[in-house]
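Two complexes come next, and they have one chain in common, chain A, joined by chain B in the first and chain C in the second.
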Partner chain A sequence: MSVKYIPVQWNNNKYYYDAFMLAGVVGFLWFFLHVSPEVLSHERPINPQVHNARAFGACAFLMLSIILAIGPLARLDRRFMALLYNRRHFGVMTACVAMTHAGYILNWYWAFSSSNKYEALLFSNTSFGQFAGFPFEIFGIVALICLLVLAATSHDFWLRFLGAPLWKRVHYLIYIAYISVVAHVSLGILQDQQNHVFTAIFLVSAIVVAGLHVLAVLHERKAGDPAGAVNTEGWVTVCKPDDIVEARARIAVLPNGDRVAVFRLEGKLSAISNACSHQNGPLGEGKVIRCLVTCPWHGYQYRLTDGQSPAPFTEKIPTYRLAIQDGVIMVDPDANPPGTYVEPVEIPS
Partner chain B sequence: MKTDTTPFFVGYFKVPKKLRKFLLSAGILLVACLTVFGLLIGSTQDDPGNGAFRFDYGRQTVTGVIENLPYPLLHVTEGNDRIKAGETLMLAAGGKMGVMARTSGFSGQQIVASGVLLERGDLNMLQLRGGRQGLRMAEGDGTEMIWEPPVSEPLGRWRIAGEICDGKCLAGAMRPGRGLAHKACANLCLIGDIPPVFVSSQPIEGTEYLMVVDKDGGPLPKAAYDYVAQFISLEGEIERHGDILVLKMDADTIEVLP
Partner chain C sequence: MNSAELLFAITQYWLIIGGVVAALFLVVGIDRIDEDARGAYVFRPLLIPGILLIWPIVLWRWWSLESGSYDPESRYKPVRAAHKVIALGMFIAVVGITSIGLSVRQQWPADYVPQKLSEPVEASE
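Let's look at the complex of A and B:
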């Protein structure tokens, strides 16, 4: 919700978030690079470049797994929603760690030859037709490109420039990145290990990420937003007024697939689009704070009556007409243009 | 009317009390897990082997005779404290480059070679210095420089199991310097004419390292590149040249082993 370009709108929660994230990354790298060599009883040490590359690579994989776990966790338990906030910092940090991994590898394995290292990266192994010995580096390159695109477009400037739907679609690249990383690791280091501790951690992480996504889908199916029944005039049933908690909403799915959020505030009802204009966050899972609907993802705010953000902000979302018929809330599925005023409907006592 | 008790987080407001403990625990768990994983993964890395550049020996300068197979071998005729006369060394240049082009004119000649030694068990390789400082004709009147290569001793046809590596990384230029994660690097070294070495899973005549050439005595056949760093078995004639075994590999007999 900015009216001018600001690189990062810092606040205390972002500082805490980043502090924990950095502490985790530094903890991982420090223990991997500086504590574990004391434990290893190798006659000669692993080359520092390879040791560093492994540390940063494993760290990037775990960070990516954590990032991907936050989404489904937030769907399964609302308290995790707080971790969605500022997740982009986590993503940018992951891209930096992955880039460091790639730098160590590239400047080690593909250096020291008479060929250009970027060309050598592509021609040195062309055994594409086999499983063992497959040029797994290619998957790492794909993942890194995805992560860099995600990091570069993570700022709200890009969100506005591309528009929320396209921006969201671009950011599904995170899944391509993760699948590529899984392939990169499976065909690479996992084929080349005697000790299988990393293999176990890798498999458990990947299974947890996939499992959480499946659980979240099942949960959505069971407890997801109901499709409202349509009456003869084409209006859609939502629920009874008393089903709605004060300052909160109930969401209904409209025949065209859009979602409407009906809020209750001080004995009156208002209906607005469920999709936040920022990143399509679920406004209906938000809360009315000081008369403003507040998005649960990043806190964008809208007036209930006209779907507009308070000045100086300029965001707008569609509103809906609603009525109470026979004690049931009905919504006109034809959305009003964003920012249209609709008088709140009083709940009959 | 129902009232709302679920804590609601807004990034730019103070965290609700009810959520504080939860988020703090999540943060601590994150840091603890990452730290423990760092230690666990870091402390279970495989041993990269004992190969190394022996900079600690200092620069090694020896006299010997070049045998181009086509990868060059140096049969030491006048050694030093570290490298004794009668030993045989593989040769490489700095980086991922072999010295085939540099030694091609010196076949059977007595030369002085200087560089740093790479050592892994009984695998010895000399990384030559650049230009004449690394490789030059030995001084003399010329008559003593005509040399008969030691008669190569044929050891028959074998089927052996193991891995094709690049001899330089294997000998200690990189640790680890073998295995599938290192395959692209090994290929690049081999493309640069670094001598290939077969690491046999069973010692053959007392050694597990054999220099590899094609069955007709040419350089590593193209067909072998797909199998570099894989656990394979293959057939070939084995010959002893000085104290090094040379495998004339038959690429048609390669089998990938599980």
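Let's look at the complex of A and C:
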């Protein structure tokens, strides 16, 4: 949460996260360069430049795989949700590692061309009509551009400026990046491997990442948020008050596709939008801490009564009118403007 | 001018225009459309790479905020439905691409004699 923008909102959790991540990158590079050559079939690299390029390329692929696995894992098991925090730093570091890989490649294979090395990269292989010998570098370029866009738009300013939905759409580029990297490796270094260990690691990683996303979709279909029934007055049924655990919420899908989160706190009910104003995280999966709903993704907080963040923060979300009819919680599907006060509804004893 | 030179030139012009947009936006525009940016200057250089890359989107969103055509309620409508299509598309793409990669591999499963796949391309100037 912010009042004025600063370059990076550091806190202890982010220090630990980044330190662990940096140690992981250094450890991987050291392992790749000094321990694994005979295992991964690169014991005879052409020169240190190529050896380093392979190490950074493999590291970038692994990092991207981990980043893409975090999302579906968090959907399948809430314990992984903690990894979502600070994932943007993970992405920025991945872009840096990928750019280092590209730098080693560019400054070796094309550095001695009589032409501009960037142009030489584009025209040195134009066999676009065949899979074998396909200019796989083009997939690497696409992936790198995607990663740079993601890293360059990771500051919270971009979330506020673009709005979470558009920001998310831009950040769907990560899927294009991953598919491009898979193509880059499949038609590139995979063609040159005589040792199957690297091939197996690559294939398992790619299939696991793609498979986790499919599993998350299936899980969402099976255990996703229920659509509320609409009564004659147009209000939507959510659940019975006793179905909601204290300081927690039940989520219902409204007819227009929006989600409402109905929270129970100290014998009263309040309804707010399920979408956090920061990254549209699922507020209804968070809990109430010191009378404030806390987003499970990044910890943004809102008051239940009016959907506003406590001063001096300025974030706010829509609220909903609700009522209890015949022992069932009903919600007016027309959202109030963000920050509108709604008196909590007391649960009949 | 060959295709590579054209692409390189387009990239250069793209970044030059992005630089102009970045200068205008960070000096003039950002204070007009975001109150949290007023008086905050240290973070602004961090935005330059993003503006260089997606300056058309920056211009479009700047205009929509200035003109009032941006619907502030739209920021509370998450794009959740797209994930199903993306997940299935990615799975098909990953399986398909890796299968193609393995099927055209010359040295797998045995060491075949390397084959010349295409003629050398025309030398560049």
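Here is the rule we use: the second predicted complex is superposed on the first by the 337 of 349 C-alpha atoms of A that agree within 3 Å, B and C clash if a C-alpha of one lies under 4 Å from a C-alpha of the other, contacts with A are read in each partner's own complex, and residues count from 1 in each chain.
The rule is short, and it goes like this: a contact is a pair of C-beta atoms (placed from the backbone, for glycine too) under 8 Å apart; a residue touches a chain by one contact, two chains touch by 3 or more.
This structure is a prediction, so every number in the text was calculated from the model and none was measured.
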Just chain B (first), just chain C (second), both, or neither: which does A:Pro296 touch?
first
Name the contact category of A:Ala164: first (chain B only), second (chain C only), both, or neither.
second
State whether A:Phe313 touches chain B only (first), chain C only (second), both chains, or neither.
neither
Quick one: classify A:Ala210 as touching chain B (first), chain C (second), both or neither.
second
In the superposed arrangement, does A:Ala132 touch chain B (first), chain C (second), both or neither?
both
Going by the contact rule set out at the top, does A:Phe28 touch chain B (first), chain C (second), both, or neither?
first
Which positions of chain A sit in both the chain B and the chain C interface?
113-115, 120-121, 124-125, 127, 130, 132-133, 191-194
What part of chain A is in contact with chain B in the complex they form?
9, 11-14, 16, 20-21, 23-25, 27-33, 35-37, 39-40, 42-47, 50-51, 54-55, 58-59, 62, 66, 78-83, 85-86, 108-110, 112-115, 120-121, 124-125, 127, 129-130, 132-133, 135, 137, 188-189, 191-195, 197-198, 201, 242, 244-248, 286-287, 289, 294, 296, 298-299
Could you list, by residue number, the parts of chain A that touch chain C in their complex?
2-7, 72, 113-116, 118-127, 130-133, 145, 148-149, 151-153, 155, 157-158, 160-166, 168-170, 172, 175, 178-179, 182-183, 185-187, 190-194, 199, 203, 206-207, 209-211, 213-214, 216-217, 220, 257-259, 273, 275, 277, 280, 314, 317-318, 335, 337-338
Contact residues on chain C for chain A in the complex?
2-5, 7-8, 11, 33-40, 42-43, 46-47, 49-50, 52-54, 57-58, 61, 70, 72-79, 81-84, 86-91, 93-95, 97-98, 100-108, 111, 117-118, 121, 124-125
Name, in rising order, each residue of chain B that touches chain A in their complex.
1-4, 6-15, 19, 22-23, 26-28, 30-31, 33-52, 94-97, 172, 174-176, 179-185, 187-189, 191-192, 225-230, 256
